[in-house]
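Two complexes follow with chain A in common, the first pairing it with chain B and the second with chain C.
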Partner chain A sequence: MKRAVFRNRLLPWVLLAPQLAVTFVFFLWPAAQAGWQSFLREDAFGLKTTFVGLANYSRLLDDGEYLNAVGVTAVFSVSVAVLGMSVALLLALAVDRMVTTARGYTTLLVWPYAVAPAIAGLLWWFIFNPTIGLMPHVLGLMGIDWDHSLNGNQAMILVVIAAAWKQISYNFLFFVAGLQSIPASLREAAAIDGAGPFRRFLTITFPLLAPTSFFLLVVNTVYALFDTFPVIDATTEGGPAQATNILVYKVYVDGFLGLNLGSSAAQSVVLMAVVVALTVVQFRYVERRVEY
Partner chain B sequence: MVERRPLLQAAAHLVLILGVLIVAFPVWLAIVASTHPQEAFQTGLIPVWPGSHAVENYSAMLGQGLSNLGAPPLGGMLWNSLVMALVIACGKIAISITSAFAIVYFRFRFRMLAFWCIFITLMLPVEVRILPTFKVAADLRMLNSYAGLTIPLIASATATFLFRQVFLTIPDELMEAARIDGAGPMRFFTDILIPLSRTNIAALFVILFIYGWNQYLWPLLITTDEGYYTIVAGIKRMAEAVDAIPVWNYVMAAAVLAMLPPVAVVILMQRVFVKGLIETEK
Partner chain C sequence: MATIALQDLGKTYAGGAPAVSGVSLDIADGEFVVLVGPSGCGKSTLLRMIAGLETITTGQVRIGSRVVNDLEPAERDIAMVFQNYALYPHMTVRQNLAYGLKNRRMAGAEIDRRVAEAAAILEIAPYLDRKPRQLSGGQRQRVAMGRAIVREPAAFLFDEPLSNLDAKLRVTMRGEIRQLQRRLGTTSVYVTHDQVEAMTLADRLVVLNKGRVEQIGAPLEVYRQPATVFVAGFIGAPAMNLLNAAREGGAVVLGGQALAVAAPPGAGPVVLGLRAEDLHPASPGTPGALDLAVTHVEELGAQRLVHGHVAGQPLVAAVTADLALADRLALGLNPRAAHLFDATSGRRLA
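Let's look at the complex of A and B:
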């Protein structure tokens, strides 16, 4: 809160106008429409629209495909977060030991942040291409038959790897920052008391990284839930047999390709509720981080 | 570092080298693939060592594109991506810095309401409200235009919060001194606030440029005229064509060109970028 402020009445609104206009026209109004649409149902020809109350929502609960997408999304987000964060933590711990080479390693590890998720998907799709790809060949030598266009589990592995690969550099930077903020004196004291590197990691470093890890967990979940649309679209398109059909992808397929407006709108509203919940968690946590 | 442990140090180096290799591996294969002739992909395995057709492949993609497969030349798509990324980055910074200025330095009715309206945009990612947003853009005749590619994505709660945070740390005395010297609000804004937030603007620019360049779903929906395709969204259309005819050399050349500008920005501005990324998310 500022003590000194300007007194103009009109000027603040002029300054806010562009932001508020875009927010209203492209964020709030469409979101409200999605909310309204979720209570309506159009007939097959789009001629008649009737108010159906919560029917679109209750239908979702009976819809096997939707429940499948919920399960797929849960598996996908947990795997992406765990894989991306554990690899990043390992790399951050290793960089934290470096003195002269830390900057060089960091440069070599941060650039994938700039690669578009769609391109990341395309690159891994190429590597895992069943006919000419490198990985199916290597896996074939080990007796594993790879074809993600037929095998749902393999398709899931492909999209998880592609999505997590892109996120490693982001997680890495935050873990490095988190490690740097742990006072060296704590670790030195523990070393003098005879604690080895693994003991120190378990009893000092890891607990003190908890705020960073929790923050990254939320961010990675949001990433896996919403920003991975291009990864799916560029690789499996939700297939085979819906094995990688995550919720955001289903909203798009049902709304844009299937033109099932009511159901798509209800799914949008459910997803908005998820984002609201995650944002609240994130901001409450940020409040607490100040005390840490 | 606490103590000398040569073995652990060696293990750490090993982990990092493996990490760097894993991270670079897919991109290496893409670069390699973009240097081979088309025949290299018809049988057997993808090559792992560079070939001799780099110049041919890249000039073909930049020149005529895959016209016979329905993909336009990359030059135009790269230009569209650049316009989109620059307009989004500059636009977001401009409208966010003025919003933060209004919220921090003025007292007016509904100030908190305005703040919350901006805050709410954090909770409404495009992916979640695509259909109605697309309809609004279509009604405003924004399909196939630069305005349609950029304006709907230009609101930014994150940037507004960052600038609000920066302004709150600027001492009140500066503003009082400016006022005593006879400076009005806009003078104070341009002569004091903007210079003081220069480093934050630079960091934010890097992050938002990448955000804009890497947009996928929105350009895919809003453009049907190939004159407005962006490269990241255009690649999907190209990859679909590849399913029929294996022109992986061309697709990978396009992927490399699509990665190059944002990756170059991150590497060249690494220090600003890392600092900015960690501060923005706080």
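Let's look at the complex of A and C:
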């Protein structure tokens, strides 16, 4: 890391102040509040607040709905990351073969990232809407009866597609950059060394993309854990029968709809801990793996 | 081990001028051929067409008895050493060497034997378990060579393999490559833009310019009898002096002065080529001597290069270091050392 030298000791702090203020007001302060709230319990009318220690946390462990949400979140996050990354990798590989004409395609492929998650959710909600949507009609022709408001598996498929769709653009850009940083001569050398296209991908391209893939895996998982709230909210609202009720959505439902602030706060602290852990793992690993 | 035959080979990239055209060349079994020419003359393109990394627009490439135009690089039985070495960064040196053999499903014991043998030849055995990034430039260069020789291919192709090394190491590695090739007797095609490298390595030189062959011949033959003005100016250091001259009454005339060089029959302007080392100091007023107006002197130690003008055209002469220098220097020339070219076609006249 490059170390800039400031003569004035105050100047760096002044320059950092706006960013620090934003971080404090919108992140640290609410996080601290959530932390504090997770140790409290309010009565139903919000009149009395009592300190209950770790009771909100221990209750979570016995809460069937919460444990269900943990499972749903695991399935959801892994599916979003795997789907978003594999589709992006396929597109990037296709574009990498024709770099000269790739600009137009790349622009098109990047557009979804500019679409707000809620809009993306709505878009997919329309496409898969059992009465007015296109996909249920097409699937119906193929003999598949689509109704994600009744079928939990179908609801999961819908939210995974809607959440992964947007992420494909982001992953795609990183994969394209990763692919282009692999010198063409490596693949040429491998071709001369008798490796066919598939073997070349498996033994040369993919291992050299590993740092990129690992970085994206963490970013996508964090995205699926945290940023997919609007997608769920616009499509399934956690239903049917909790089938798509992921942790971040449950935080909202329990806190704002159920008004169980203590439990909601405890849940968000748990989520926060998971993300912090993931980030730490990422930095540790990336530092070690980035140079092969 | 094999012969390589190029027949009227040409390459035009999509939407570009021809990068290579009409190249015909027969390379004997075990021969070391160097393709040399300035940047952008199509050397790499030619080599990559032989390797199968670039499609062939016109003509034919034959390796051994097979026409390989439509074969994949892997099926051509060649090995290539790249300018940036192209070592697989995530594999150890051992894995780099074994990769091509594993892909060909060679037995493990045979792979181990070949890797050990190559490592011994190239003296890279101590680094076998290191990754490429833990090696110096010269060591990487050896590993790249090793990856080529373990395959025991019909031919080696080199694309400027030494240009990333410092000057001293380049000379050492040059010698090693030459010895190794002699010892293995593998047909080799070597691309470089460095004419010294080309002269020292080649059994035969192919001088390329703008995608065409200017001359093919043994290094000394090309040096002594350059076929065109381009070759004359490209091969040899310092570059050959090329002076625009006329012919009158059977002699070459430079700036109104008849020189002691006989002009071949015919009319029209000529280019007179004189190597710096073929010029020697003469006593002033010698008939047919060149009168050099000295501008500056380059000291090389054993000899010095005197730069100046003759009849308004630049000229360099190599003289011994003990010669006293004035503003003007009379230079005698050996008529047999003069090269004459047709000024319009650039072809050699005599």
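As a working rule, the second predicted complex is superposed on the first by the 269 of 292 C-alpha atoms of A that agree within 3 Å, B and C clash if a C-alpha of one lies under 4 Å from a C-alpha of the other, contacts with A are read in each partner's own complex, and residues count from 1 in each chain.
Here is the rule we go by: a residue touches a chain if its C-beta (ideal position, glycine included) is under 8 Å from a C-beta of that chain, and two chains touch if they have at least 3 such contacts.
Remember, it's a predicted structure, so these values are computed and weren't measured experimentally.
One more residue to check, A:Leu208. First (chain B), second (chain C), both or neither?
In the superposition, A:Leu208 contacts chain C only.
One more residue to check, A:Pro112. First (chain B), second (chain C), both or neither?
First partner only.
Of the two partners chain B and chain C, which one touches more residues belonging to chain A?
Looking at chain B versus chain C, the one contacting more residues of chain A is B.
Which holds for A:Glu188: it touches chain B only (first), chain C only (second), both, or neither?
In the superposed model, A:Glu188 contacts both chain B and chain C.
Figure out whether A:Val22 sits in contact with chain B (first) or chain C (second), or with both, or with neither.
first
With both complexes superposed on chain A, which partner does A:Arg199 reach: first (chain B), second (chain C), both or neither?
So A:Arg199 only meets chain C here.
Does any part of chain A touch chain B in one structure and chain C in the other, and if so which residues?
In chain A, residues 188, 191 are touched by chain B and also by chain C.
Mind listing the chain C positions that touch chain A in their complex?
For chain C paired with chain A, touching residues are 51-53, 72-74, 78-80, 82-84, 86, 88-90, 99-100, 103-104, 131, 133, 147, 151.
Please name which positions on chain A make contact with chain B in the complex.
Checking each residue of chain A against chain B gives 2-9, 11-13, 15-16, 18-20, 22-31, 33-34, 37, 87, 90-91, 93-95, 97-99, 101, 105-120, 122-127, 129, 132-134, 137, 165, 168-170, 173-174, 177, 184, 187-188, 191, 197, 200, 215, 219, 226-227, 229-230, 233-234, 248, 251-252, 255-256, 261, 264-265, 268, 271-272, 275-276, 279, 286, 289.
Which stretch or stretches of chain B touch chain A in the complex?
Residues in contact with chain A: 1-3, 5, 8-9, 11-13, 15-16, 19-20, 23-27, 29-30, 33, 41, 44-46, 48, 94-96, 98-99, 101-108, 111, 114, 117-118, 120-125, 127-137, 140, 151-152, 154-156, 160, 168, 172, 175-176, 179, 185-186, 188, 210, 213-214, 216-217, 221, 232-233, 235-236, 239, 246, 248, 251-252, 255, 258-259, 262-263, 265-267, 270, 273-274, 277-278, 281-282.
Can you tell me which positions in chain A touch chain C when the two form their complex?
Counting only chain A, the residues touching chain C are 183, 185-186, 188-196, 199, 203-204, 207-208, 210, 291-292.
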